[in-house]
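Below are two complexes that have chain A in common, paired first with chain B and then with chain C.
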Partner chain A sequence: MQKRLLYLLLLISFGCVQPYEVELEEGPQILTVDGTITSGAGPHRIFLSKSATYGSIFEGLVRPVSGATVIARDELGNMVFFSEKSENRGEYQAPDSFFAVIGRSYTLQIQLSDGKVYTSFPEKVTQPPAIKKLSYKSVTTPVEGEINNASGVQLIVDIDDPGEENNFYYWRNAQATYVLETRPDLFVNKETRDPAPKDCCSICYTSELVGNQSIFIATDDNFNGLSTKIPVAYIPDDGVRFIQTYRIDLRQLSISSEAYRFLRLVKQQSETSGSIFDPPPASIRGNMISLDDPNEVVLGYFIAAGETSRRVYIKGAELDFRQNRGIIPDDCREVYDSVVNPPADWNPEE
Partner chain B sequence: MKKLLLILFLLSTQASFGQTTQREVIGRDIGQIKGLKILVRITDEITGDPLIGATATVPELAINKVTDTNGTIELILDRAEYNLQFRYVGYQTIDFPITAVGDGRIAIRMIQEDFQLDDVVIFGRDPEKNIRSTDMGVVTLSMNTIKELPPFLGEVDIIRSLATLPGVSQVGEAAAGLNVRGGTPDQNLVQFAGAPIYNPTHLFGLFTAFNADIVNDVTLYKSFIPSKYGGRGSSILDILPKAGSISNWGGDLMVGTTSGKLSINGPILKDKISVLGGIRGSYINWFLKALKNPDLKNSRANFNDANLIISAPISDENELTYSFYRSYDDFAFASDTTVSWTNTSQSLQWKSQFTEKLAMNVLGYFTQYDYEIFNQSGFNDFELKSNIRDLGAKLNFSYDFSPKNRVNVGGDFKRLEIQPGELTPSGDEQDILPKKVQNEQGIESGLFFQHEFELGESFGITYGLRYDMFQYLGPRIVQQYDENKPLSEGTATGEVAYTDGEKITNYNGLGPRVSMRYSLSKSSSIKAGYNRMYQFIHLISNTATIAPTDVWKLSDNFIEPQIVDQYSLGLYKNLKGNIFETSLEVYYKGIQNVVEYKDGVNLILQDHLETELVPAEGRTYGVEVYVKKNLGRMTGWVAYTYSRSLRRVITPFEENTINDGEWYSSNYDKPHEVTVIGNYKIRNNISLSATFGFSTGRPVTYPVAKFDYSGISLAYFDRRNELRLPNFHRLDLALNFKLNGTGRFFEGDWTFSVLNVYGRKNAFSLFFVDEQGSPPQANQLSILGVPLPSLSYAIKF
Partner chain C sequence: MLLTRFFSKKNRPRCLRTNFSIFDPICHPMFMQKYFLLCAISLSFLMCSCSSDDSGTTIIVTEEVLFTSGEQARILGRLITNQPINASDHGFYIGEEESFSQPTIISLGEKKRPGKFVGEVSELKSGQSYYVKSFVQTGDGILFGNVLPLNTLSAGLESYSPSFGSPGMEILIIGRNFNKDTRVFFGQVEATVTEILFESRLKVVVPAIGDSDKVTIKITTQDQELTFSSPFEYQTGDYTLIGKFPDEVRIYDNVSFQNSAGFYVGLGSVNRTRFYEFLQRYNPSTETWDKISFPGSPRSFAFATENYLGGGIDVLSREPFSITRSFWKITTTGFQQLADLPFDSRESLAFEIKSELYVMGGKEGDGLSIRKYNPATASWTVIGTSPESFTSENAIFIYENNAYIVSKEGVLWRFDPMELSWDTISTYPGSIGQGYGIAKVVGSKVYVGLYRRASDFWELDLETFSWTSKNSVPGVSQSITVASFVKDDQIYVMRAPDITLPGNYPLELYRFNPSGF
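Here is the complex of A and B:
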């Protein structure tokens, strides 16, 4: 809301936002932990990286941390090892059979290849309230300097918040699948640039994982014990996703108050517009500490959460506003992760 | 370079007028011998205003004539030589020998006798008042001075004008408040006709919320604050309205590019009761409505304000004045979230001169500030309302033993009520809970005494004492905390309930004020002063300006009153018969109990604000150099300020410290500031004014590292306010044409101005954006990014 107010204020005063060249000294490389385990099916992953410095492209690279030993331990002493993926350095995954047990507390322990040891504070897994309904609507937002508005689909949950306790919600997108329509008849030979129509195929099913640009979280301070509707995700319209049917699974996590506080700072910073209303930058500290040097800063957070999820089929034809249709002049199977047959559980009419 | 040119321009231009001694030939010679019509128009040299009631004498014919409301006189003369003489009270008499040969005109520009025009100049009628009085750091700007500065979007702006003075600054181009000698915006008491005003701005600080046509003068006390004022730490900004005319009706109308205003004044009861009414409004909404983009079409940026002043000089000794003031703003983007605020104040003042020596001033006021946010997006629709109400009275007696020996005694009382926030669901569905933060109540009162006198020619002293008292009252439920842990929701141990009117806590303290002057000569003096001020209300803000998310909070068990001690020393010298005024002031301020916020705090609807704040101390110090040219075709000033404003958090708990408990720059720390103001009268009715400002960029917090979390690139900030924005500089120009409507009903004033002449994109803030596929980018936000022209037309009738 404040971003939009600022946009209007700048319009009145002919203000502007422009890049600024800043010379910053090379900062320290700080270990960053981005990990979540839930009571859901997973995969449960921990990402380890080293922070970078603002400045040139090369200094701005966040580097993965490889070769670490990563263990989650519950209060009963059960341990689970996370193994590093060979194809994706810095990404550590728990065995497929693992899931977090509701009611237990978990700590994350990390030993880096140089021997330094880190641990999280214990995080308790709590029972997540159910999603009563998952609906959607199209939303448009003006873009400064563009005639056409940006648009996308907003997902909205209906929940009955339990009245007896303080609940903290965190919503994340899971895998999405959609019907991909392409135009193989418009294919052009790349070398000769002559039209070379293909016979097949114009309809495929493709999968993707759309990360949110922002963080969707809520605390029930304002709706404790009530039924409420909350926007929980935003999927931008790229002109292709919403041509026919788009299926997405929404994960609702029940998190601790400390995790909520951390995510709120992340959200606050990700929505900074530089506006006169912006709060000044806050130092985002998480729940990880170094066991060797208590003064060492460790970034990120280890979340242990209860999870429920819900699926929704978004019908393109039912949206109020859609971007101009994007045309892919090729066989749809050429598009990454696309197959001709629908997934076995594809059921748009459910 | 531009700066240098302007300084040279300012300094090289001397008072370049003299009285005419040569005999002038007037009129076009067509051989006429009798009945030559000579029209004389008499204006003020500096302001160009017509002088009403000035006398023209033709000794040869024994004629005395008085100017009309346009400052004109028609003389019927014969073809001959005359020794005309023009006189006006308080002005230098002009001898004007002429030879009349035909019908013609004479333009006379008169100048005030004491070489110091009240209209333009700062220290009042007495040219050496700045040298001789014990006042320090007191600046009175009359509307005529303010009007000569380049206007902002066609409007004269009081607050911006004050920011051109040494030691007074603003954080940026859309900043509402003033920072006086490194203080926070809430440390200034802004009062209009005696009543405090909490948000003196329109459109988040783009405009001042006062109609300049209603204002008579503005006085800012930044150093020595008379003991009749209290309750705020840094300064007092006293805005006094005009009174309407008790003899005839008149008015002012101004039409500018974004706003317009109208005021009318005159007698309701001739020679007994006068009224002055004014309205002002913006028409930005019309522009928005004309736009094609539906989101902008449905947006609003509306502001207006209204004034009514009724004054009744009941007798020579008694005067009653009633003032009503209201300002309103609403601002909405695409009609889903509306932010609106209103100031309303009323005051009634009775001034009485009991005897020649004893005078009394009684004032009662009521002021209210309302702030509202409406969400009508269709989701969780709500209204969030908050307000502050002050009801107060002041009483002041002054007794003059002699003109140089005066005593003031009196007291004041104020009841404050704050409703910090109430959230009400407004949607059809019950999907959000109402929430109300507990109301606050307090009583602030003070008793004061002040004595000013002179010992001989060279020594003067003003000393006083103010006793401030504050009571924080119920009803309220106060949370208790574990004393050995930092205040947080997690360390709460219980609650104590207080009933309505029950005293929860109280504070009181003595505030000595003293200012001394020693004259080195008739035109130079040295002064020293000390003040202690108490402040019981705090603007809890985590932005650098007055913003929608701010919360006003009374001192309570956890948040102690701010105590500000200021020491100042000044050297004053006037040059060339008071044409130039110069001063050098040095100050140091120590501030106790300023509040700093913890990282990432939530201030809105927060019932336990104490858990989000950390106590801190502040100190500010600086040197202010000021050179002003009062007289001549070229007037203006150059001000340079070196100042620092620092903070330090004091807490036994390591997790609450900021910058390891070391001193760090506050948001208002701008070491170097230069202002150059010049006003050049090209002709009698055309003037050009320029304002150039430079300052060090304000402190900002830069990230030390960039990290990824959940697919979002984030910045890690470590130490607060370690780096600075780029330096700020801007040049504004204005050209003013006066249309002297001789013999017409009214006269007009065209003002053409360009703000930010060379299009400097001054950074208001800096932020970091990290988009996938591109390197992390620092971005700066500029409020005023281009040269911004505006045109306004004002008429007086």
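Here is the complex of A and C:
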């Protein structure tokens, strides 16, 4: 009996796991620059932050860099000073009157509050080809473990690519506005849970900035000098957006080859699925450099681009597939940023 | 290494001369012979195949011109090497010719590791073409990188603000590529440059005024000379104290008007305790005062124009006020009583256009009615209403047969009495104080301000509707303007300390020259 007890005690003692403290060298917080200026109306914003560090546990947070002096300077020496938004630290915005001039090169200069100075490589603003046509179609995607497919609307541009130059395209979504339909007649008193239908209002107009789920970029290596159609945005269907009419402005940016390469690498790494065919992760170098220590790693990229934009009204009734209608049982004005009157330039028939 | 280990004493086969046997191949003499032969050949192959690579690769690259201004440039270089390096110096050569015959050398000192480096030079000539190349100095000699062109920039001007001011104040000049030697001139007078920010912003102290109140701002930087097309305007306006009210009293709620006989100031009350029953007339030519009797009852808060005087209160009391409706024609020899006003008037706004009297607003009645007096029929007609209630607290002036009134919020209204139309044309940028400001027209400009407890005075160009600040009136800042006149393009103002200020302050008469300095 005593022997068995001894074996048991031995087993228990071997069963204990001694935690192994991994002592990793704490990485520095790296300045991250994310900014774009274009020939469009703006707003032109530069976001500055310091990256988080990783150790044996997740340490630190991505912190905005506040109190910096941020300047965009063109090749003639003209400067525009970006001012930090008081309500959003780390976000610096150019004056409303500013826009980049096609044909000029711009550099971004940043002086942090600790005196460190950073600059970008010059980025030239090139003339963007016009968007000949902007069309749309519904797209469905199977979702693992779900009965219903996910769906959304894909935007497709028709462009005549100029043949005499190598073009690099980058598409971004601008502000969108759509007709929001709600059911105020289904309103329920939140305290008593009794029906309390409201008389108003079931139709509003709401605005949003819907980000793309991917980075939409293209180079004309395969269609230089030709007309082509390219998918340029994807707007997920949340059951509310496409009930009636959805309006979105698409921005087409003409970027440099270096900016394209940077975005392509970011896209590759952000879309890795964990398969053996994924590209190996690597450090993506941007176009920012520290003047105090040129070998310091600075993340991000400063893009200067020519911009053209096009507006499209997506009619929900024309889509091949839509999600089941989402019901908001309240006055539509209760939804954030919703108003009863349409924008002054609302014209679905244009 | 492996071979060394293989042939080490520990691994070597241990054979005795006596135990040679065909069953012991390792120790057989024939085998040993082949074994050593094979090893010798292998060793010779290995030694031949190894080639010592002592000459590593070192490359120096001039990567990018990161920044150029009028006199500065920053260049990025990179040292690439696959071997340890001990460079005694590295940096850049800059020259006006591609041959770098007389280079400026940016020496960054020792470099022991590969990587990027940034060089900066700040003694370049503006608007000049240069060439730049990186270099690294090692024990084997100097190694140069590729050559890049570099063009320094010329200075340029964008704007400056404010566009007017007085000596000692600071203005900001915005432009580009200002060098360290930048100088700024206001006309011929040099200003002090207190700071040059990012080669694009100049903080400059306005120098003393020279020969003119409108001067061109000139900037020199290296060999460049730049000027702004629009001149800087010095804040002008010269006040001369020319006299004092002849009676040693402080009067308030009085009237003032002028005609060919002189400037009139009077009636109202002395410190709101007793009426001042007279008028004092000032002759600007002789700089003398005359006391003028008023045949009517003394009064406060009356209205007065060049030709008419009327209304007001005839008993100093609180509300309800005792209103006098007596109405008088003013002549150069005296006063002529007219039929009484058909309405109560206290602190009404009165003006004449084309010899016709208009009375509007006031603090009695609806405050909005505009009444016009017909001297031929001695009758009054209500011709319309004003968009807001106006009283004598509002500054008013007449220009090209239109009345202009500054509201309590500073909005400048224009009233066309022919069309009976109102429109807003500008906003007074100065301090409204506590009302009771003045507005006096000189040529195509009007001077507005000198409100109660405010001393700023502004010029409005009636052709461009642009405002320019004038010098503030001297004296006690908590004063009120009790009279104002215009003669020979000069403005005369009489200021009295506010009634709340105790003490024995005199009423001072100033002559204001709008363009004086």
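One rule holds for everything that comes next: the second predicted complex is superposed on the first by the 314 of 350 C-alpha atoms of A that agree within 3 Å, B and C clash if a C-alpha of one lies under 4 Å from a C-alpha of the other, contacts with A are read in each partner's own complex, and residues count from 1 in each chain.
Here is the rule we use: a residue touches a chain if its C-beta (ideal position, glycine included) is under 8 Å from a C-beta of that chain, and two chains touch if they have at least 3 such contacts.
Given the structure is predicted, the values throughout are model-derived calculations rather than measurements.
**Student:** By the touch definition at the top of the document, which applies to A:Leu291: first (chain B), second (chain C), both, or neither?
**Tutor:** Only chain C is touched by A:Leu291; chain B is not.
**Student:** Which partner, once the models are overlaid, touches more of chain A's residues, chain C or chain B?
**Tutor:** The partner that reaches more residues of chain A in the superposed model: B.
**Student:** Is A:Gly300 contacted by the first partner chain B, the second partner chain C, both or neither?
**Tutor:** So A:Gly300 only meets chain B here.
**Student:** State whether A:Gly115 touches chain B only (first), chain C only (second), both chains, or neither.
**Tutor:** In the superposed model, A:Gly115 contacts neither chain B nor chain C.
**Student:** Just to be sure I read the superposition right, which of the two partners does A:Gly77 touch: chain B = first, chain C = second, or both, or neither?
**Tutor:** second
**Student:** Under the contact definition given at the top, report the residues of chain A touching chain B in one complex and chain C in the other.
**Tutor:** None.
**Student:** Taking the touch rule as given, give the residues of chain A at its contact with chain B in the complex, in rising order.
**Tutor:** By the definition above, chain A touches chain B via 1-2, 4-5, 7-22, 24, 27-30, 32, 34, 47, 49, 51-57, 60, 62, 142, 149, 156, 172, 211-215, 221-224, 226-231, 261, 264-266, 268-270, 272-284, 297, 299-301.
**Student:** Quick check on the complex: what are the chain B residues that touch chain A?
**Tutor:** Residues of chain B touching chain A: 172-175, 203-206, 258, 284, 293, 295-296, 299, 301, 331, 333-334, 336-337, 339, 375, 379-380, 423, 429-433, 435, 542-545, 547-549, 599-602, 667, 700-718, 720, 726, 761, 763-768, 770, 775-786, 788.
**Student:** For chain A, which residues count as touching chain C in their complex?
**Tutor:** Going by the criterion above, the answer is residues 71, 73, 76-79, 107, 109, 119, 121-122, 289, 291, 294-295.
**Student:** Can you list the residues on chain C that touch chain A in the complex?
**Tutor:** Against chain A, chain C makes touches at 64, 66-67, 69-70, 74, 76, 115-118, 120, 153, 156, 158, 176-177, 198-200.
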